[in-house]
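Two complexes are shown next, each including chain A; its partner changes from chain B in the first to chain C in the second.
Now for the complex of A and B:
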């Protein structure tokens, strides 16, 4: 049996630990607030000039730009977080003025140097600034930063590459998907999509990548950016890739690409015996594809033993248009069974949606 | 000159919008949350409200619905501000009774033009 003294001692230690932790949290917040207020106080004298610059006509900007670019190091350091944040929030002449201010100050050069800083916060902020400035010469350094030991820095470098990288960044981004310092696939996908048409040839090389995740991401990017010239390769991935995640992405991409070559592989993907996830995504993709030839096979799926597949097929029929709706109506008018239930449910949902759209249109008008 | 109410929890945006609208000759009341916006709209004679959709506590959408539900502010023109990544909010904003919306990133000049356009529409 444990003595009362030991229990009391343990409770006291626990209380002390909770108290210390609480004090640390409060102290940390106070320090942060103090630093933030200090930063605001230092930046306050030039904040008015900054707002004036952002709202000025182009011919009125020069004097303000020069005045802001000549601020001392301490004031600039205090103002910079605001500038970085505003770069992502303003557009048009205001954004151009900010970019010119960074150029005048030589801040892009400083940011490139900061990419090698020992502080992770500085590396991350430098990557963010370079991305916002679309500073292409920084791309090779940002590619190296994809392997940074800090996950936030890797993420900032990925986003920045999406803004300022080119085709040469594609292989680095695809490699960043693997290993102990991996970058989340969604971030890599967004970056690759942002690279634009000039990088899509390099993205297509990812279709042959030995890692399934890289193939899946390459397929998703090609589908999202509408690279129709790769339809046959994506169709082959849907038919032949050994990994289900790659086949699922290929099915979705074929729907988005909307090419007739996508129809046959998608119809094969929804047949019984294929994995349920693939059948579901395939059925949805047939709806996105909008091919009238898919109405018959989709109508057959309304009675599928898997209700998720059946429900997706019903929604896909609705998406196809009048021919799909006619198939749904025919199934709904049938005597009963799961197919009729699925068709009725989707038609009812569609009627509610249409009524809601009418209300929205009235409000908007 | 109109009296414009701005509600945004982002101090940079709040200050920038206030500066631009003051420069354009409007009187501005700037607040940082939904509750304060509602109070300001009820206590002052406001001609237009610019509301950020995503604010902690009471969102811009909630404020808009409340304004529409009160006789005194039911016809107050409302412009919603939203981020590009939250464009789906626009539809909900219109359903809540907004008259127009501005998507971040935005140009201060465009914002001022939108405010003028909505005010002109109301005057007519």
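Now for the complex of A and C:
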């Protein structure tokens, strides 16, 4: 049995811990409130100048910028959370003024230096700042950060590249999709979409990438940014790519691109025998494509044994327009069965005005 | 002499037995609080990490990107006419790029559907309900709002219980992620974004994520949102605030960090629909259907050899009302423990089985020893320790000193929970809420813990003898004006 001395000692230690915890709770609260008030007090005199800067015309900004940039470290530290929040919310001249203010203050230079910090949090914050400032010269450093050992830093670098990168960042982003330090495809897709038209040619090189995930992302980006000149390559991917994920993305992209070349491969993709996910997305894409020629094959899908494929086909017919609606009405007027039920359901949805104006056929891959 | 010998040896044996039992109780009490403390410290590490990384977490990007995965929010409802319209309205106002709300009225008899019909101008439509998951209660009608772009589907079905209603909702869901929410849960406007973030950051591995559920009792609620968090004024509420902090916020964060999260609250959890369908949906025969689903997901993923994650989002984003009456609390705890008993019995082959990795070797054994058996040991201690003193098996002087140590240790664990909350989230702005929390810490181990042990023991007994389940008997009157909270009975937080 434990001796009474040990019990007494443990009790004393625990009582001390209780006291320390009580002090910590109260102290933490007091310090936090004090800091908040102090920050408010320090930032108050320069808030007016900041608001003037945001509203000022370009030729009136210089003096205000200099005044704000010359504030002491303490004031800048108090003002920075407000500046960071504003940077994500304002646009146009106000944003340009804020970016200039950060640059005058040397924030971009500091952030570039922090990209090689030992602290993951600092690297991530630096990437975030550089992205917010759209600081193009930092793009090569951010590309290197895509291979960072910390997954959240990689994500921050990916987002930042979407804002400040150029065509040269595309290959790095596509390479970041695989390997032991991979970046999630959705993040890469978002970044590539943000790079804009100048990066489209580089993105298209991803169509021939040996990694299926890179091909899938490249296709999705080309579809989302409406690069119709790549329709035939995407159609070929839908027909021939060995990976289901790539084919599904190709089907969706063809629907978005809306080019006639997409019709045939999409019709082939919805035929029985193809994977259900592909048939579902393919049916949705035919609706988005809006081709009248697809009404017959889609009507056939109304009775498909897979209810998700059938339901997507019904919505696609509705989206095609009067011809699709006529097919639905014909199916609904039929004697019965699952096809009639699907048709009646989507027509009823349309009748109450609740039908969606898009066909969002979603599959988890 | 010869006649007294058997008695003497029997007394000696009883004496020894009581000494051993008392030692077990003492060690158990230390071990259970130490395990909580370890989990809390792990959670603290996670909070520090999250706070430091918050500036580059990328929430804003997910909020505006069309590439953020769309979500079907499923709200099962049973006799919730009083608050359902406001709850759905608040749900439809969540900040998220694309989502739909699927309400499943599980055979309500109080006009829940009528309330929705009136609020959203619903029209009954013919609808084909997919049969991805088999359901028991027949869907009798489906309703959509007239003329507007409101992303709402309301299904009415025969009463079959919450799990069955959720299964219908999963079948109706159009999107690849399904969020299961209690109709009387109050979500912060960022809740869906926060709980979906793990799916955006790691889409190939994350199959489920759970959100923190805080106590809404005493909070100021306006238009279906908690605008000011407060600690309830009553003692029962205060104790539960501390309990929720320790067990649900910090404990689950710790388990998530260890890759062994077993419970995602039915009040707010997000799942990959294909994963839920693959395991057959919710089990309508199990009272703790939310935790049971998570364990089945673990089992399925491990048996398939899949690299997967089930995570807990350690941000205060969802609020739920806790019982403020003893009777309702008793019903809730009995029900929870019955659920736990049924789940552990159902998945007993996983316990201690190395095939299931940390789940089989760490999390499930922990739940057996420190959750399932806790009421048994605690109540045994209440009987055996005084008995030991009476029989001279335990030194009374030592005992009272030890009891004080054990009590102060439990207080330390509770205070660490309050301190961590104060450091990481500081949701309670008033000093009086902090004092209220500390009062809860002090009071938790005096009576409350012993009472809940008794209720939990009864729940375990219900589970062991498989007594009939009673569905749909919970009393809910909803949130109908700022600050008003009312009773509910049994959903797991």
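Here is the rule we go by: the second predicted complex is superposed on the first by the 290 of 365 C-alpha atoms of A that agree within 3 Å, B and C clash if a C-alpha of one lies under 4 Å from a C-alpha of the other, contacts with A are read in each partner's own complex, and residues count from 1 in each chain.
As a convention for this text, a residue touches a chain if its C-beta (ideal position, glycine included) is under 8 Å from a C-beta of that chain, and two chains touch if they have at least 3 such contacts.
Predicted, not measured: the structure shown is a model, and the values here were computed from it.
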Q. Does the superposition put A:88 against chain B (first), chain C (second), both, or neither?
A. both
Q.
A:52 in the overlay: touching chain B, chain C, both, or neither? Say first, second, both or neither.
A. first
Q.
With both complexes overlaid on chain A, does A:282 touch chain B (first), chain C (second), both or neither?
A. neither
**Q.** More chain A residues in contact - chain B or chain C
**A.** C
Q: Tell me which partner A:265 touches in the superposition: chain B (first), chain C (second), both or neither.
A: neither
Q: Once the two structures are superposed, pull the chain A residues common to the chain B and chain C interfaces.
A: 88, 360, 363-364
**Q.** Contact set on chain B toward chain A in their complex
**A.** 10, 12-13, 15-16, 19-20, 23, 91, 94-95, 97, 104-110
Q: Going by the contact rule at the top, pick out the chain A residues touching chain C in the complex.
A: 1-2, 4, 7-8, 10-11, 14-15, 17-18, 21-22, 24-26, 28-29, 32, 84, 88, 120-121, 124-125, 127-128, 151-153, 155-156, 159, 184-187, 189-190, 193, 224, 307-308, 310-311, 338, 341-342, 344-345, 348-349, 351-354, 360, 362-364
Q) What does chain A use to touch chain B in their complex? A) 47, 51-52, 54-55, 82, 85-86, 88-95, 359-360, 363-364
Q | chain A partner contacts - residues on chain C that touch it in the complex | A | 23, 52-53, 55-58, 60-61, 65-70, 98, 123, 125-128, 130-131, 144-148, 150, 174-176, 200-204, 272-274, 395, 397-398, 401-402, 404-405, 408-409, 411-412, 415-416, 418-419, 422-423, 426, 431, 434, 438
